[in-house]
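The same chain A turns up in both complexes below, where it pairs with chain B and then with chain C.
Right, the complex of A and B next:
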């Protein structure tokens, strides 16, 4: 290549990247101003004691020390968040993969069923939780009515601190319509020829699932796992609308705790410290997922696969 | 053409500013409130009335969603853009006062014929910082039809139930699907069809039982936490045991500010404790033949009084704001929509101590409890004058932390029966003591 076209190329590239940056500018400004700067502010605030109206007092790491050494509610909160996220992620992944596989078959009225399972996801959250509240209610709820009619004794679905998180994860699983759609799209991309080849080799349906479907789906599983983990660690809606963090600290999830501490109790520094810890927690889990992903994700055309 | 369009757009955008700048010689003040569309319309109607009869002050409304109300006021305070006056959550009054937001209202009613009662005056270290717009007390509501069906005489307005009598009556009114009562052989607590009682366990209302049992939650100077006294602890346990041990009340682990809805209003509960505002907000919509009575008594006759506040904020238009708030919260300005509907009890002593004053509301045939004035006088008037104590937020700082966060969460273990009141209170006591300290 001679020098002249090269120069031209560089000039062209430069012009192109200038346009690109110009187009990116609004989102960069948005990202910086409404994500990164507030994050920074939140971290700074976590080193202060501030009630919103009075003077800000620098207290160093006191908020963090208090969280880890004095505040018993914080451990309870951490534990219930991990419990919720763990159960909700595993539950909704298995549930949506099964439903997606069923919907991927040539069942009658397939479109209708696909819409049906997606429906919970688009319903207004408040309405969904109110509906479930009635189902779970101890005194007059449908589930307990059914259990009692069958001769059982009432279950405190939302009224015992040990039961509330499993009950709420049930709702999360039921709400996972978006995962189903993504899984469905993934399933349709699993090449038919692999299945046919496996079939000719005499593999049964279960073997085909384990050795063809599952490996081909790993990139999708990774994506869904990541998204659902991040969003479930930040759970707050059921605690806000259904259980107010209770009973006791049963659903006192970290996001709810930080909301409560900062915006209800006016302990803004303390709330920010919880936010920072939650951020680190999510970063750790995401890091673990990415670090292990190379070992189990299969990309078509990848020689390592 | 484009330029012309741009110019036009600029002019249009400037219009509101021009309108605002229009000087009518009046002092413009802002009044902030929360509420739905209907409430916003009635607020506007009240402001229109005030503005029409005034040539010095003009009040503009500022509607803020209920959920974000306090936080929004905090934001405005930080930005030094506070409205001049407005509604304030009971919980947040002393928080705002301690941080210099609430104006001193000591002299607001100087020389006025109608003075708000002491019981509903918010005090920051003894200094009045706000008056509730009305009075509300806690009473016992009962379903007359259920009492008739069980052949039990109605609760007396003269002689309130002792706690034991209350539990006994509640047992008679509770039955399972086979008609068996608690304590009877064969009674199945899993299949209760009708409950005898529901004591509203919404956190601030629980304080009344500590007082009733001879204890308290906080000292009167708001500096000490007394909830760890045996009396206060016992009172909490007694209320929890209504559902857990006596089986006369529905389980309500995560409290809601909805005693009537969960209790008597559900049609399956015979007696419920709740505030007097329910006379106007709930009972007109419920098809229930109800009566009112004083709260049951553990050791002492007592009720709590409380009500929301319309506060004046520190600022340059304070005088105008005093004027407006005085007019806006007086009984006459709210006579038809709030007093006669039963939503508000009057806030001035005159309406409790003079025959004329009492007749004006209780004697008005529009008042929900007008049909039984004698009971109304005993339960509403006598109790307000002789047995009402202010709820803790009138004199204790940081109730948004103590009652609304710490106690609200911890007491749920008691309501669910997982832990005893003694156990829970012992654990959170140090946290409560720390929370009421004001720097």
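Right, the complex of A and C next:
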């Protein structure tokens, strides 16, 4: 390979290459040692039974077989994860797109509003969940006060297995300030001439939204969808800080199950098997998104980087 | 004929302007309403921190604290080791943020400007890692740190951030470096600068705001983290704010007044840092353009 196409290959400057590799050294170490190797290790570990102390025992696919056939909690976990991710992604995408569109108009104190909607995102997660727990409190929380004064009866937001995931996704929507900023950036990149052209052609605001804004925004929507799906399928913080997976299996999300099996029960192999399934699940969703993306993503003609 | 056409045109313009004004008023009203809804939980937490438990459990709840009990904070600080937890958190945060900014800048510069073998491959690996669930690496990494006997130290929480600072941050820096005119590099090369000198003297001053964005993003990421800290830190004297708060909640079960005080206290540093750096945010994210 080195001998034949020598002439056609770009000649790399030695000093330039050396600087480049030096600059990239930390990143390469990171990619190898804290991303790709541990990932491979997870795959391997999932074929073993190990409590961290004794000898590792190779058991083949037993961990997976047990997960799918014996561990009844696993299906519940899978289901609640999908429920959480679905609701959180859809809710936060719609919410943040609406806020971003409002912020993209000529409104007074835009910077202030932008900061305000982003604010929840910069608060430490642990404190946020604690605060919301108080708002969700069955007897003295604000939400139940509001419901009661509107004539309803109190809701067990965090203490009923059917309610806990919807309640937690409400917090997730509230926290989605980063999506707003990315949407806003996208909206500001929509070329104004498109809007003007559409206006001259007599398109009303709604038509302009559907035929100009939305198509121009599809790459950003795709990016946000992808990133929030990947992160929401990995939900663990609310379970870790508030609900401990309960009530029942209402918030026994896959990552929490993984954490529990590995660090509480010291079943590292079993936990790794859950990690691998999570990896496959995310790969499937990502694959579907990428496969369908050609159909609905509109790319502007420019390809300058 | 001409006299009748003129007012008509005028009217059309003014009605259009009127409509536009109406829309912008409606949008502002919607923003104010939504803003109040978003701020309300924070306000409720804050007002709860200034009330006694008796007042908190009264029905109906009062929207304003009957009495502004700032002494609650003094009481809470006696039992909640805020300064120690904050100090511990900062011990993790400050070096991590610095490490991430430096290594992400180096990586981003190399990807944006330098030519070397394997660049495309490395870049693909890098961007690809954005999609890989970090949960999958948790167990093996923990086992390695445990083997090195470094659990319950801050190394597992700090060192990984010296390894590129995350793919997104490298990507962000790369996009910024690309906007710096190449002529500057070339001029510097003619003056005898090497690539490393170019990075330090030409590129760095030009992408300062991107570095601030990376720092802030890293800060928020770590500030929000609970999983890594729960996994690696179990000794009470090493607790961070998040862990301290978690324990505090457990031991002060129904003392919501104190819990809300502790919650508000841990809101403060994040808000302060955000206010300092927030104007760089949107600029930084617009810049990446999410293209290419």
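The working rule: the second predicted complex is superposed on the first by the 280 of 305 C-alpha atoms of A that agree within 3 Å, B and C clash if a C-alpha of one lies under 4 Å from a C-alpha of the other, contacts with A are read in each partner's own complex, and residues count from 1 in each chain.
One rule holds for everything that comes next: a contact is a pair of C-beta atoms (placed from the backbone, for glycine too) under 8 Å apart; a residue touches a chain by one contact, two chains touch by 3 or more.
For clarity, every value in this text was computed on a predicted model and none was experimentally measured.
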(request) Examine A:73 and indicate which partner it touches, taking first as chain B and second as chain C; both and neither are also allowed. (result) first
(request) Figure out whether A:263 sits in contact with chain B (first) or chain C (second), or with both, or with neither. (result) both
(request) In the overlay, work out which of chain B or chain C sits against more residues of chain A. (result) C
(request) Go through the superposed model and pick first if A:52 touches only chain B, second if only chain C, both, or neither. (result) both
(message) Just to be sure I read the superposition right, which of the two partners does A:158 touch: chain B = first, chain C = second, or both, or neither?
(response) first
(request) List the residues of chain A that touch chain B in one complex and chain C in the other. (result) 52, 139-140, 263
(request) Name, in rising order, each residue of chain B that touches chain A in their complex. (result) 71, 74, 77-78, 95-96, 98-101, 190-191, 250-251, 253-254, 266, 268, 400-401, 404-405, 408-410, 412-413, 415-416, 418, 427, 439
(message) Give the list of chain C residues in touch with chain A in this complex.
(response) 23-24, 27-28, 30-31, 34-35, 38-39, 41-42, 44-45, 48, 56-57, 59-61, 103-104, 106-107, 109-111, 114-117, 119, 122, 125-126, 129-144, 146, 160, 162-164, 170, 178, 194-196, 199, 220, 223-227, 230-231, 241-243, 245-246, 249, 256, 259-260, 262-263, 266-267, 270-271, 273-275, 278-279, 281-282, 285-286, 288-292
(request) Flag every residue of chain A that touches chain B in the complex, lowest number first. (result) 51-54, 72-73, 138-140, 148, 153-154, 156, 158-161, 243-249, 252, 260-261, 263-267
(message) Per the contact definition, I'd like the list of chain A residues that touch chain C in the complex.
(response) 10, 12-13, 15-17, 19-24, 26-31, 33-39, 41-42, 45, 52, 99, 102-103, 105-108, 111, 113-127, 130-132, 134-135, 137, 139-140, 142, 145, 149, 174, 181-182, 184-186, 188-189, 205, 219-220, 223, 226-227, 230, 233-234, 236-237, 240-241, 255, 258-259, 262-263, 268, 271-272, 275-276, 278-279, 282, 286, 303, 305
